[in-house]
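After this come two complexes, each holding subunit A, first together with subunit B and then together with subunit C.
Now for the complex of A and B:
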């Protein structure tokens, strides 16, 4: 479709304006005949009109073509080696002279709680206070069941007693460590925005599982359906993977966590309910508006502060890490701190599997043969009976 | 084939046939085979010979002090027990889409690790055709949310912007994993050629008309089917249409046009010639393409006569409504 009016209004101006580089790039500018530099007239006003309007002048001498002829060809993602050299130089300077200068006082670095989380021994009231774990909700939103954890009211906001927080956090850390020591499966859940990093880190340290998106209702109560495609593996007391359990795993029911750590119990009531149906203990961060009876081991703290969540998840993750370490050390010295699940048994080797299959095949063949014989026999007897009937006549 | 959308009963079989990755194939609960000993199915308790009352095994005093230390430890010496337990293959087990979540975490980890590397502008980064959501669903075998996959692609785009001279190999590997096998951006139209005689041909279509136009440097003569422009087209509007590409770029007196056009009516023929002339002009001067596009000479008008439908008088016209 020809847009005549638009071209009349804007065409000239658009042609007269210098083309932006982004357009020049898309043209690839490979004109088959490049303008001859000798043919070009200096771009004065008088020359301009002669160039554009005279019939004698070739099209390659026009202003627009000249400009395009001068444009540099574009290369995608120029491989300029200078960038690499500069970057390496920067790294060298940082490495050599980066630590020079005044001593930096201890200060809060946001990423530090993820890189090097505090251990249960590092939990102090100062740390908890600094991470704002004492701030509760407005007094009107409180759940009276939390009154035992509340220190007081300040400016209409409940203040959580940090002594209670520290005590409960240490107790929860003990629980996590114990479960990890006995080879339990720990699930860390934090489904609020921004909690994913600390949840994943804690699960990584404690050797457990993480969940930072919506809890799919029924993952525990209907796990056989929901987790049908999720793979599992068999490991020994040294956490080495074992072969020969494929058949068992195929028919094994979905795994259930042995401990669930939840950073936002208010949004995850269904998860906690499923846990209680399956007798799975839970640890939860209880703010002043949450119900502490939803979880087995509450930790009264401010669940709206990401920094507080990082501290709590970090401490619990560290506790899990210590438990795992202790378990592996015990396994090294010959003690196994857990019992295998009933009916799992020893692995089946390939040769044994083939042997079993052969036995099964043989049994089937034998049965088929027996059936066949029985049918033949019945036919024979039926025929005899018929003959007998004839004899009666 | 979009395996993930097939009916649930078919999915597993097809996927096992298609995928190189080993998939756990567990029967549905309804079809689950009986697994003796796993669950007590009969309600009446069965007392087997082994379950009858037996004396406790003699107490071993070998590791006695350890057993009394409070920790419930089980000695390795009880050698009937084979120590094995089942654990999730991936820490994302309880998300129900472990492959996808692991992928997301891996990509995010890379982005975080190489956040400080120098980058190029987004437009300067090499253009990559990412695998589509459907292809990705087939690869991971999970129902991946479109918006979540978009977020992954966003992070990958950021990784792709790392300057090519400092691009780490693991990022390259990851990007390759998400790149389509076929690169559609390599598929560019061939540029027109100007032959030895200085002629360039362009082909254009509009409605039912087809036009070929040869463009040669000259002084503005136009011949259509052996006739001059005014003989070929009676309407001034049509005459203007034929040479619109040249007029919009101030090239009227710089080229001669020799055109052949057939089929359709006058408007169709004229506008088919517009396209043909514009294409031939681009062959001479590729730099004029944006100007010609703005003038509306580059795009093929796809509109055609709409077909007549049954029950209609014409394409859309309905018969008049009659009372009974």
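Now for the complex of A and C:
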């Protein structure tokens, strides 16, 4: 195909996130610009937007399809100019060669769930079904506590109700947004194979932390030992690092998350148990064989499907991103939505530090001098006493 | 191990409220206000499941099964069972069950025929076409099945012809196809037959020598050369199509 050959000649990096413009055209509400091509198309498939029930038609166009035409460079381009140049080259190639070749029907692209995750507003029952979130485990493996989330039995497997999944997912998204707005630290955990990418992306968007390897028991209850090598920093309401807290940070207790989002609670019971001991709320994806009492906010869904986990992590990451944005916007207008820890106090400036060191040094010298004098004095009195003893004779 | 339910995760807000009231914490944690306004969902309650079955004889389901999820059934299920009972090898054809956006079912139009763009041709298309004919055109079951089936056979035949022609074209321009499964299995069978044959020859040799030994012993005793005259030595194995197994 012509498109691929030209792209390869220009370099491999230009193919970072393929988004053919032919795909954009078939998803938009506008008709095709080239009259010859519409004549060639069979009548029923000329334009998806002519179908009344289609979500792509009219003002109810899905956000996700709207955003396909506005692909933005990934934010790392701000740090690496080569990425920005490659992206611009890719866009030029797409513009010139995108209309050539066959019309590619809109289809599922796995990479798009990581590059452009869905927002809580994009959560529909169709999206959840396409992501296989309704497929539970064999009926013999179920936990009866989950019966309220199950729609029925099909082919020996429990089917999770899509409405329940959507409702619980939206609730969890609101919680993540609220915690991010109030300056809470969110930890995204997904220790199964293949979950690392979506967990890292979600944490990045929500401004939180991620974990995709085994949880070390005691990371919360024995954090001072296990997390002793982790760097801490003090930031202001605009997320800028503050100077003058080095001494306090050195002796500060290990940080604990304010909200934990877990994509596979069955394998992370210890993590959830530690959270309950420390009164940390948790969000977890509960399959038909999991225990819903382990988490504060269960999301009944299929934890064995990577696509489903990418959708859920993406939605929660987007919610966190929205919360962070709102928090920073409030800070810009002068409103701080969180309270600092009570023991932190004011920052200690350099001048103040030098002054304190000087005072400390003076105090030490004074003490040494006083001790020295006291020793000298005691020696003199001892000598006098000795002489006095001889005088008695 | 502690027994019973641990409901601490669901009661995080209530526990922290008590701690704050007793002044065990200097200030509420960052999540406090959010969780206050968004209480966790109810858990552990057994609700009556979605009813997929009609009530028969207006009797409630047996009490022990009243709260169990019910099997989901569709009218296509019977048609699927019938089709795949008649065409079991269609189950051997691989099927892609990946969905694009979940609206794939809205983009089909079974009035146009059994072949739909973006959808694989399989027993499922036969069933859907049959269902459309039954519901929209009021055809009886067997007639709709026959019509859908015939369209399906036509398309499968076309596929087979295309495959054969493509192979011939490729061979004409120099393609070298690997041995088919049948060829490979015939060669393996021939190999194992040859190895059996050489084993059988050795066994017959052994038997002959044993028999010779017996006869030779008899001849030396009585001084009779009848065996040698008859040429009893000359039992050889001839290759036949259906050799007998050694007893």
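To be clear about the criterion, the second predicted complex is superposed on the first by the 290 of 393 C-alpha atoms of A that agree within 3 Å, B and C clash if a C-alpha of one lies under 4 Å from a C-alpha of the other, contacts with A are read in each partner's own complex, and residues count from 1 in each chain.
Throughout what follows, a contact is a pair of C-beta atoms (placed from the backbone, for glycine too) under 8 Å apart; a residue touches a chain by one contact, two chains touch by 3 or more.
On a predicted model such as this, the values are computed, not experimentally measured, just so you know.
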item: Contacts of A:219 with subunit B and subunit C, given as first, second, both or neither; value: first
item: In the superposition, subunit B vs subunit C on subunit A residues touched; value: B
item: First (subunit B), second (subunit C), both or neither touched by A:232; value: first
item: First (subunit B), second (subunit C), both or neither touched by A:387; value: neither
item: Touched partner set for A:183, first subunit B, second subunit C, both or neither; value: both
item: First (subunit B), second (subunit C), both or neither touched by A:245; value: first
item: Which superposed partner A:334 touches (first subunit B, second subunit C, both, neither); value: first
item: Which superposed partner A:351 touches (first subunit B, second subunit C, both, neither); value: neither
item: Subunit B versus subunit C as contact partner of A:210, first or second or both or neither; value: first
item: Partner chain(s) touched by A:79 [first = subunit B, second = subunit C, both, neither]; value: first
item: Interface residues of subunit A shared between complexes with subunit B and subunit C; value: 55, 182-183, 185, 338-339, 342
item: In the complex with subunit C, residue positions of subunit A that touch it; value: 44-45, 48, 51, 53-55, 105-108, 124-130, 139, 144-145, 147-148, 150-154, 158-159, 161, 167-168, 171, 174-175, 178-179, 181-185, 258-259, 272, 275-277, 279-282, 292-298, 338-339, 342
item: Touching residues (chain side subunit A, partner subunit B) in the complex; value: 1-4, 6-7, 10-11, 14-15, 19, 22-23, 26-33, 52, 55, 58-60, 62, 64-65, 68, 76-81, 83-84, 86-87, 182-183, 185, 187, 200, 203-204, 208-211, 213, 216, 219, 224-237, 242, 245, 249-253, 255, 257, 330, 334-347
item: Subunit A partner contacts - residues on subunit B that touch it in the complex; value: 23-29, 32-33, 35, 37-38, 66, 71-76, 81-96, 98, 101, 105, 117-118, 120, 123-127, 141-142, 163-166, 191, 193-194, 217, 219-220, 241, 244, 248-251, 253-255, 271, 274, 283-291, 294-297, 299, 301
item: For the subunit C and subunit A complex, residues of the former touching the latter; value: 5-10, 12-13, 15-16, 19, 26-27, 29-31, 33-35, 37-38, 40-41, 43-47, 49-50, 52, 67-72, 98-103, 106-107, 109, 112, 117-118
